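Some structures are shown below for you to check.
In the two complexes that follow, subunit A is the common piece, with subunit B as its partner first and subunit C second.
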Partner chain A sequence: MLKFILRRIGASALVLLGASLLVYVLTINSGDPLKDLRESNDPNRATLIAERIARMRLDDPWYERYWDWLKGVGGCFTGNCDLGVTVNGIDVATLTQQAASSTLRLVTVATLLAIFVGIALGILTAIRQYSGFDYTITFSAFLFFSLPVFWAATLLKEYAAIQYNNWIAVGQYAPWTIVIVAVLAAFVLQAVLGGTTKRRLITAAAVFGFVTVVLFVFNALDWWRNPMFGIGGVLLVSAAAGVLVTALVAGVRNRRALYAAFTTAVVGVAAYWLTAPFLVNQPSWLLLAGLFVVAVVVSVAIGAAWGGYARKQSMLVTGITGVITSLMVVADILIAHWASFLSVKSRPISTIGSQTPNFTGGFWEQVLDLGTQILLPTILLTLVSVASYSRYTRSSMLETLNQDYVRTARSKGLSEREVIVKHAFRNALIPITTIIAFDFAGIIGGAIITEQVFGWKGMGALFQDGLNAVDPAPVMAFFLVTGVAAVVMNLVADIAYAALDPRIRR
Partner chain B sequence: MSDIRNSNPGGEDYEPQISASGVDAVGLAAGGSADPLPGEDKSYSQGQLVARRFFRHRAAVTSMIVLGIIIVVAFTSIGVGSIPGWWPKDYTLQYDKIGDGAPTWAYPFGQDTGGKDYFALVMRGTQFSLIIAFAVGIISTVVGTLIGALAGFYRGWLESILMRMTDVFIVIPLLVIAAVLGKTASGWGILGLALVLGLVTWTGLARLVRGEVLSLRERDFVLAAQAVGTSPWRIISRHVLPNAVGVIIVSATLSISSAILLETSLSFLGFGVQPPDTSLGTLISEYQAAFATRPWLFWWPGLMILTIALCVNFIGDGLRDAFDPRQNRTKD
Partner chain C sequence: MKIRRLSAAVAVAASGALLFSACTSPAGSNDPAEGESTETTATAAGPCKADLGDIETADGEVKVSVEDEFLGYNSNTPETYSTYNSAVTERLIGGFWYFGTDGAICADEEYGTYKAISEDPLQVEYTLNDEAVWSDGTPITYADYLLDWAAQAITKDGKVTKDGTETNPLFNHISGLTLGDYVPEGPQADSPDAKTFTYDYERVYADWKIQIGGAFPAHVVAEQAGVSTEELVTAIQDLDMDVLKKAADFWNKGWLSQPGEVPDPKIAPVSGPYDFKADGWEAGQYITLEANDAYWGTPAATKELTIRFVAADAQIQALANGDLDVIQPNGPTVDTVQQLEQLGDAVKVDTNQNLTWEHLDFNFGDGIFSDSLEAREAFALCVPRQKIVDDLIAPIDPEAVVMNAREVFPFQENYEDVVSQSYDGRYDEVDLDAAKEKFAAAGLEDGVEVRIGYAAPNPRRAAEVEAIKSSCDQVGFDIVDNAAEDFFDKDLPNGDYEVALFAWAGSGQIASGQNIYATDFPQNYGKYSDATVDEAWDTLASTTDEAVHAEQTVIIEKQLWDTLFGIPLFAHPGVIANSSSLSNVFNTAAQSGVVWNAEQWSRAS
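And then the complex of A and B:
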């Protein structure tokens, strides 16, 4: 396995080297780096041109410049990166550090969301093939990957951000809006849950009643402007998540796993109650990360303690429940800070930039600020990837559901959950891993457009400005980040592959 | 599944006849099982089978009609080059503005800020975008098929070189290499742009075709052809590629839709079509600031891109189901 990985890394490095040479040569030949100076009427034009030629070393042959760039990159292994300077003499390594953090944040969040939503939708549509739900998702998927991102971004700015900001100033739903939302929710859920006509009608009626009551209560409490969740809410949602995870991983009849999940939820909420003073008043990213690690370790330990005959399954169940509980805790704190966030920033969802300049507020308000800024670009990037992931998952699931071993599994009396999760889904994941890894570079490319539309000063801007100025250093920096990210993702896919498919583990 | 199977006598590609219930593909409006089962006493050629399956896919057929209308209107309305069209207004002339230029009967798509007829402008953008998309589709299909077939058939050092080259192109994000090359080629007119875009989008197809050829070259009919001394070139062109035609056609179709999105994105970023030429992407980038005041300037080109890409994707889906109907048999 180690040999296999090392060989892959070696091959990837060679490919990256070739690609970097290609990009370098193409970039420096893509135009005239002195164009803006040649057209200017500056009296000291000649000195400016001479200066730029000296700075960009335009008199040196291209291979010497490329070799020096390569030596600078090689310095990264010893800790002193030199990625060259831009046309204006700014150090590209520092620029890249600033730009990469916001871009990678965006891309990572979008990828993770897209994987979860896309795979879930793909499985659901495969199980309910040829249902109304399947057709709706199929059509939406086609719509989303036919969508010009830059066009959809402007629509999203107008209809999601500006309209929401206008609405949140009042924060009340009109009665007829509530009815429409409730009808839609009822319609969607009955389509997803399916069953006989009677069961569908009961589902729809229950959802309609629930949504209507909740929305009217929220209106009365002015919830949208002063939202709260409370420790009881965290407990309720975590326990529900525990049941769901158990149902998917081990089946609710496995009581040990179920009780382990409940224990995790209760312990998590108790820990929240204990640590709340620190979390709310003196938060930091380090504290959050530390508590998260502790939470996961404790949850897995609970699973191991409860597990008995089903130790492995219980540990998986409690681990996932623990992660969900931690997320719910953070969500609870964030929701509680929404009112104070609104008082600092009355139009919460902005359409420009990766963070509000000169934002004053506590730690949690700043987190909310980052969240509202990242919201729209993430939605956009996610939609496109969800469309393709759900289609690939669907076809891959249909393929495996058709296999003989699935029929065997059914005929020996396994539950439908076990057939789908263990036999069909695990095998369907193999091709999906490759596609997701392959798609990652594409998402970063898509981020160029998204960043341009939303005015982020990220890698996309670095690339675009560099290319406009025929300046190889920033373009190569962009390529370096995306290329390394692509190689790393492919490596992760290879390892996941080996975990999923024992045949290639040799 | 139905028992009615009309095999292709003597062909090595035994293809089961699909029953009416299994044919309707992932299209939106399933159904159409009313017509009688395909004639039991008649046999169909491979092409006929594919065509029958395709025409049962309602979404694909509808998309083909819509796309056909768009193409015809885009090319006949304002004419091509020096040939005049039936639309009375010109995209270069500025007319008197009616009100703020909102769509009227005389100007169905409205007028832009300077009073130009927006219908004519959008049609011109559509023409250019369509030409680029189809040219890219053809070029990338030819290059991808050639590289994939050579690599898969000859193996050895040729395969290593070609596939490493493909890897090099794949590791560069598509938008990056397209932008760099597009900037270089933007001075060469739209066909130059189409050429360079075609030269960077073949990678996926090359891998697909190679995989297909790798399995086909081990089949007995290739061995038989080699045994009677057929030249490698003839084996590839007459025996191997015709059996991989499904993969190639589907991929070619889908590459057209991704080409139209790629070209419009590049033009939007400013690395694609350059003025005085115009494409749907440049129209959007030019008028995106006008969204709040003149939304129609923004809506039409975007809807045009969306419609074309959507139609092409549905046609591709229909073709995939027609060539490879295995996926639609899970439940029957």
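And then the complex of A and C:
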């Protein structure tokens, strides 16, 4: 394996070297770096042109400039990277760091969400092939996939930002809005859950009733402006998540796993109750990260203690439940801070920027600010990429579901959960892994249009600005980051294959 | 800043070049120019900033869009030379003058005053306000202006420039060595800390009024070079290169900023109404300025000014959502205006015409138009100028008109005057019959090819060429849309065109048109040559007398019409919009952009 990895890295390095040469030559020949000056009528145009030629070394042969760039990059191995400067005299290394961090912030959540939602939808549509639900998802997937990003962004800004902000100023649903929302929820849920007509009707009626009541109660409590969730809510949702995770991973008949999940939820909430004073009064990212690690370790330990014969499964169940409980705790604190956030920022959802300029507010208000700023681009990126994940998963699942070994698994009396999760899904994951690996390599490249319409400056902008100015340094920095990411992610995909498919391990 | 520029794209300031534009209306004129739809308040009249009386800085924040990142404190280096950068630095660095809304030169008397004490030889005396200080408390003095001169006069080999053409300036100043060429002795004063100093021009310079503006802090440069301010002054006077090299190194590079790192107040004190705010710069996102406590003049009306870096297509919704208070989308289209109007009363929209103007220029060096006035007349008679303006420009700015001059703009007060004396309206309407007659008289053959060159991609110019084609093909021309991406690089300098379609940005200089119209001058791409025009430019450029300027402008315009140098089309439209809760936001034709009077913006309480 090690030999294989080393060989791959060696080959990749050569590919990167060749590609860098190609990109460099293409970039410096992609246009006229003096364009703006040629169009200028400045009395000192000649001086300015001469100055820029000297500064960008336009008179030097391309191989000298490439070689110097390569030497600068080579310095990275000895600890003094020199990625050059832009045409505006700005150090590219720092610029790339800023761009990469901005891009990662923008696309990481969206990509994870898209993978999670896309795969879940793919499995569901495969299981319910040719149902109304399947058709609806297929239709929406194609619709979102073909959405022009700039146009969808405009719609999102109009409805999810401007109109929402107008609405939150009052924060009350009109009665007919409540009815419409309830009807929609009822329709969607019965379609997803399926069953006989009678069962569908009951589902729909129950959902309709529940949503209507909840929304009216929210109105009465002015919940949208002063929301609260409460420790009870955290416990309830965490426990429910525990049941769901158990059902998926181990099956609810595995009582040990189920009790382990419940224990995790209860311990998590108890820990929340204990640490709440710190979390609310002296929060910091470090504290959050530390508590999260502790939470995961404790959760897994609970799983190990309860596990017995199904120790591994239990640990997985409690681990996931622990993560969900932690998220719920953070969500609860954030919800509790919504009212004070609204008092600082009366129009919470912005259409541009990665943060509100000069935002004043405590730690949690700042987290909410970052969250509301990232909300719209995240929704957009998720919608667009959910489509491909759900379609790939669906077709891959359908293929494996028709395999002989799935029929064998069914015929030897395994539960449907085991058939789908263990036998079908695991095999279906192999082709999806490839796509995920490629996508992860792609996300660091940034989402050029999304960045632009939402006023973020990330890797996409770095590349675009560089290319517009025929300025090789930022373009090459972009290439370095994306190229290395592609190589690394491909390697990760190869290793993941081995983990997923025993045949590859030999 | 004395630059004329031809703007390739629709956007005036899209490329890096920074230009302030203004034309020739005399300073101090007080009537709003005709056709200008600026919404005026009781206090705003005329092109210059209104006197707001005694105001105090109110707490609060105004957010305005600029399309690209801030680069550095010193906008005069090639690296930082852009309208985006100066949108910030002009708030920070004061100066003796600024361009008003119609391009008039307005004096900032709170900063200082200046006057010509002798017209020939030209001597100009500048007096700084006694209270004028940098934000670190150091007075603004002669030393700062001597350094400003040194940055535009001294070459690497330790000499003052001979004729401004040396290619080895010590300082990377974007204006090169022009000032040293005109004023070889530099400004003169009694002492380094004098508030009054005099520039002796070696020869008469028509544009002396905009030659000296703001300055950078000499005491900072001196400290960075390891000397006192007095020693720096002496070093400049004695051309002591040991000191000057260090000073120039700092001047060239020391003020460049890494995005997000607000310059240290120690090296970047300011002389304008706004100052950097500590931690107020987020890379790629925004930079916040706060009112300068040390400012001696009328204070900024609102404490904080946040300049957010936002692309044009995201600005309108950001304004609607309150993420921005003032926007100026680059390259506005009909859609821009319609979307803004749909926002209703919450937003004030103002469209105007800018100091950038579109025109068709004939090629006199080569081709069918080069030696035949009749051919040019035939073409001019069939170009549907009114239709182009009605279809493409009026939907953006309802006040847009066909432009009938080159050196004055329709919204300037002397426009009517100049046009009535130089042009009789003969090309106002398309006259195909007359065009056919001229076509025949010129001896042209039916279907003769006319290549109209412009820089692609540019949808508006493509539409203009389309309109010209549908009209002029009836006369017998065969109009060819010869758009090319490298039009300015290849076709224009090589003369591979019959008609060139592009725009010039009007400049603050009175005499800069000489570069375009006089024989063998560098911007005379079409190789036009006319003795009357050459002579008129010489007369105009060699005097500071405004009456002569006006008189010669009419002669030039008339001759350019009679010999048909080219056909002016229209001034580019511009759009600004601001939240209705703000007052004192005014559109300007100059390239300084809507932020030109940002220190006066205030929010209704």
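Simple rule for what comes next: the second predicted complex is superposed on the first by the 498 of 506 C-alpha atoms of A that agree within 3 Å, B and C clash if a C-alpha of one lies under 4 Å from a C-alpha of the other, contacts with A are read in each partner's own complex, and residues count from 1 in each chain.
Simple rule for what comes next: contacts are C-beta pairs under 8 Å (C-beta built on N, C-alpha and C of every residue); 3 or more make two chains touch, one makes a residue touch a chain.
All of these numbers come straight from a predicted model, not from anything done at the bench.
Residue contacts after overlaying the shared chain place A:456 against subunit C, while subunit B stays out of touching range. Of the two partner chains placed around the shared chain by superposition, subunit B is the only one that A:129 touches, whereas subunit C remains out of contact.
In the superposition on chain A, A:89 makes contact with subunit C only, while subunit B stays out of contact range. In the superposition on chain A, contact is made by A:358 with subunit C only, not with subunit B. When the two structures are aligned on the shared chain, A:15 is found in touch with subunit B, with no touch to subunit C. In the overlay built on the shared chain, the residue A:475 is in contact with subunit B alone; subunit C does not reach it. In the superposition on chain A, A:486 contacts subunit B only, with no contact to subunit C. When the two complexes are overlaid on their common chain A, residue A:59 makes contact with neither subunit B nor subunit C. Once the two complexes are overlaid on the shared chain, A:464 sits against subunit B while remaining clear of subunit C. Counting contacts as defined above, subunit A residues 150, 154, 158, 452 meet subunit B in one complex and subunit C in the other.
The residues of subunit C lying in touch with subunit A in their complex are 2-8, 15-17, 61, 63, 69, 71-72, 77-80, 167, 169, 172, 174-178, 253, 256, 258-260, 277, 280, 282-286, 288, 304, 306, 308-311, 313-314, 317-318, 320-324, 455, 486, 488-489, 504-505, 507, 512, 515-516, 522-523.
Remark: subunit A residues 11-12, 14-16, 18-19, 22-23, 26-27, 29-31, 129-130, 135, 138-139, 142-143, 145-152, 154-155, 158, 395, 398-399, 401-402, 438, 441-442, 444-446, 448-449, 452, 463-464, 467-468, 475, 478-479, 482-483, 486-487 touch subunit B in the complex. Put simply, subunit A touches subunit C in their complex at residues 32, 34-48, 50-52, 55, 87-91, 94-95, 98-99, 102, 150, 154, 157-158, 161-162, 165, 347, 349-355, 357-358, 452-458, 461. Listed in rising order, the residues of subunit B touching subunit A in the complex are 26, 28, 30, 164, 167-177, 179-181, 183-184, 257, 261, 264-265, 268-271, 281, 284-285, 288, 291-292, 298, 301-302, 305-306, 309-310, 313-314, 317, 326-327, 329-331.
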